[in-house]
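These are the structures, in structure tokens.
Consider the two complexes below, in which subunit A is the common component and subunit B and subunit C are the respective partners.
Take a look at the complex of A and B:
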């Protein structure tokens, strides 16, 4: 019997599912990631002379569930033109029947990997707001992501933030997605956990965004108003959450500007604190001016 | 766009797992299933005994013979519970216990003492061990897993070579051997094409055909080393990162 070294066994595992494209346009170079639905390869587009990524279905034979999800993902991505969403260039079927689509190759790392390098609350919030803005755009286009979590967010080399894995997304009112239970524990809305995915509304993404906000802020002491924003996202009843991601982004913007947020009713003391924080330079200038006037008046009285 | 490939239809439409066939109750079916099981596992078992248990070649050979015949006679496999462990882990654990019991009795099964002697290529397996100099087995389960996959792929490569030869297409296997199996450091489609006096397009097509055949045969063989449909799908996912739906897995894909 033929004896195979570890290296040959490894190579056979790789080449056994190597994509067999029926055109010379794309040269497959290396696998860069593998998920439950598909495997992503780095490839070279010989026509446009640029690197691209090709996502190939993991279903070796026609499989309605997986193929439908990959096809749906390609369509969702093609429909959503936004800096936070990877653009799709092409789609097709391999010689062996597997579906694939071609997209921009993103150089970077997942949010799960990048998070420890985000040192300050401001850094973490900046990334989170980009995610929430992308989800807001998707919702405005009638798309619910349904699986927002740190591994599905990519942070690029130049700080660009991309929301990935739209394979279980739902095109509200247009395409009924497959009746599968979707989401990631810890980021999954209660209504999705109950298996009510067919009626998933934007509120499910709000819940996931709240979990993501709590996750990204980590163990550090979180200001009360920011905690209130996360808590409002994570309400068990979808009606108690933000109506959509745009409202969440608006509240976060108010928080970052030092203004009151809708998720939290400020006490008088907190309002005074907010006012002071916002106008502290002016307050200090006026205080310094008054102090100087008082000192001048004092010294003028001394004979 | 290309039409779907239905190459998988070449396989029998109903391939049942080893466990299902052994549990069927038909003695002939049980014997055949056990034969498949032995073919799939005797080599990994032999290497495991030689490298993990550090048995001598003669003792390892005796234990392999005795283990598979005893497993057949005493119905080891029928006792497997999928809820408790993977079939491969179960089999390795049985083998461990068998070795311990044999040692405790201080009487390794006498050579030729079994009623049924399996015809297995022990000299060949021993020769292959030369490729494992000073190997230390830290993780027994991992080692047994890797050896099972190595043996599965080796059987697949042999079956593939035979199939292409039988079909009068040995050149397809030659391309596969030169590019994927035993490539030289500078092997490219162009160098393989030049070596075999083919065009680059022919090399591309041959490689596609060979890789697909390898995948199909390997997945078909995989059924003989697992016990249940769930395990088959999980192993396919682990082996090639592919998903096989429950309905499709019944067709032997």
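Take a look at the complex of A and C:
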């Protein structure tokens, strides 16, 4: 008897799960990513002559739960038309009964891979705000992501920021059985970790956004007001967090504009510092004028 | 507040202040201070209105600063060119601060104030 190596077994498994499309429109080319629910393949759309991505459920035999999740993900994505969300082009069923859907193939890298190249706080905040804006849009459309983390964010080659993997996303008004735990440790809200969330709440995404903000800012010295924003997101009690991602985006915009933020009560000195930072050129010009006048007066008095 | 109004108001206020400083830099002008302040305010109003008007049309900090300096220098020159009773001129005392006031107005009108809304036809 000859034992098969792990590599061979892996290859056989890959071939066994290789999707067989019942249409000759798409040619599957290579797997590009695998998650708990499905595998994403790069494929070629022979009609429009372009590369696309096809996500197929991982179930070796049709699994109603997994299929339903994939169907929901496709519908959620189709419902969310936003520059920060990958557009869905098509959906269907394989010969073996598994679901698939076709979406834009994003060329880029995950935030986890891109983060070290984001050198300044401004660069990191710019990316983060794009993520928060996308989540705000989703929340506004009644959808919570529930698994926001660096591996689920893609930065495209044109600098576009896309929030991926809406596989565990849920509609806010959809009741789910208590006890189900979804998310990634470190980015998962306490209420999701306990599994006591009967309905999807935007607050869980706010917690994950806070963790993501802390992660993306890294070990660098973080200004107190920005730290306060991240801390407000990460409050154990959902009621102490921002009510929604739009409020978080608004606070971040105020921070970037050098204005006071709702998450932090500034001291008088900090307010003066903010004011000076905002108007420093004008203050400098007025100081230059006064200095000029003082010098003229001084020299006028010298006989 | 739109840019021409901002420029006019700021120019006027700075003009009044600039006129009043004559009491410190040239105390001998005290008897004529009312005329000096009014003249300086009028100069500031005109310079502010012109620089604000320019800021509506051209959105460039560098050009705004340059126009502020040039316009204010021109009007300051006209004022400084008026000879004193002894025939002397306050060239430096009037022109240098006047140019800095022009810089301030140029900067403020380029940075703050509402630009004219774009009309779509």
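Keep in mind that, in the parts below, the second predicted complex is superposed on the first by the 282 of 303 C-alpha atoms of A that agree within 3 Å, B and C clash if a C-alpha of one lies under 4 Å from a C-alpha of the other, contacts with A are read in each partner's own complex, and residues count from 1 in each chain.
Here is the rule we use: a contact is a pair of C-beta atoms (placed from the backbone, for glycine too) under 8 Å apart; a residue touches a chain by one contact, two chains touch by 3 or more.
Owing to the predicted nature of the structure, the values given are computational and were not obtained by experimental measurement.
By the document's definition of touching, of the two partners only subunit B reaches A:36; subunit C does not.
In the superposition on chain A, A:95 contacts subunit B only, with no contact to subunit C. Of the two partner chains, subunit B is the only one touched by A:22; subunit C is not. Of the two partner chains, subunit C is the only one touched by A:281; subunit B is not. By the document's definition of touching, neither partner reaches A:120: not subunit B, not subunit C. Of the two partners subunit B and subunit C, more residues of subunit A are touched by B. Comparing which residues of subunit A touch subunit B with which touch subunit C, the overlap is empty.
Subunit B makes touch with subunit A in their complex at residues 1-8, 43, 121, 124, 128, 131, 146, 149-150, 153-155, 157-158, 161, 180-182, 208, 211-212, 214-215, 218-219, 237, 239-245, 248, 253. Residue ranges of subunit C in contact with subunit A, taken from their complex: 21, 24-26, 92-93, 96-97, 100-101, 103-104, 107-108, 111. Contact residues on subunit A toward subunit B in their complex (touch as defined above): 1-6, 8-9, 11-13, 15-18, 20, 22, 34, 36-37, 39, 58-66, 92-97. Interface of subunit A with subunit C (complex): residues 281-282, 285-286, 288-289, 292-293, 296-297, 300.
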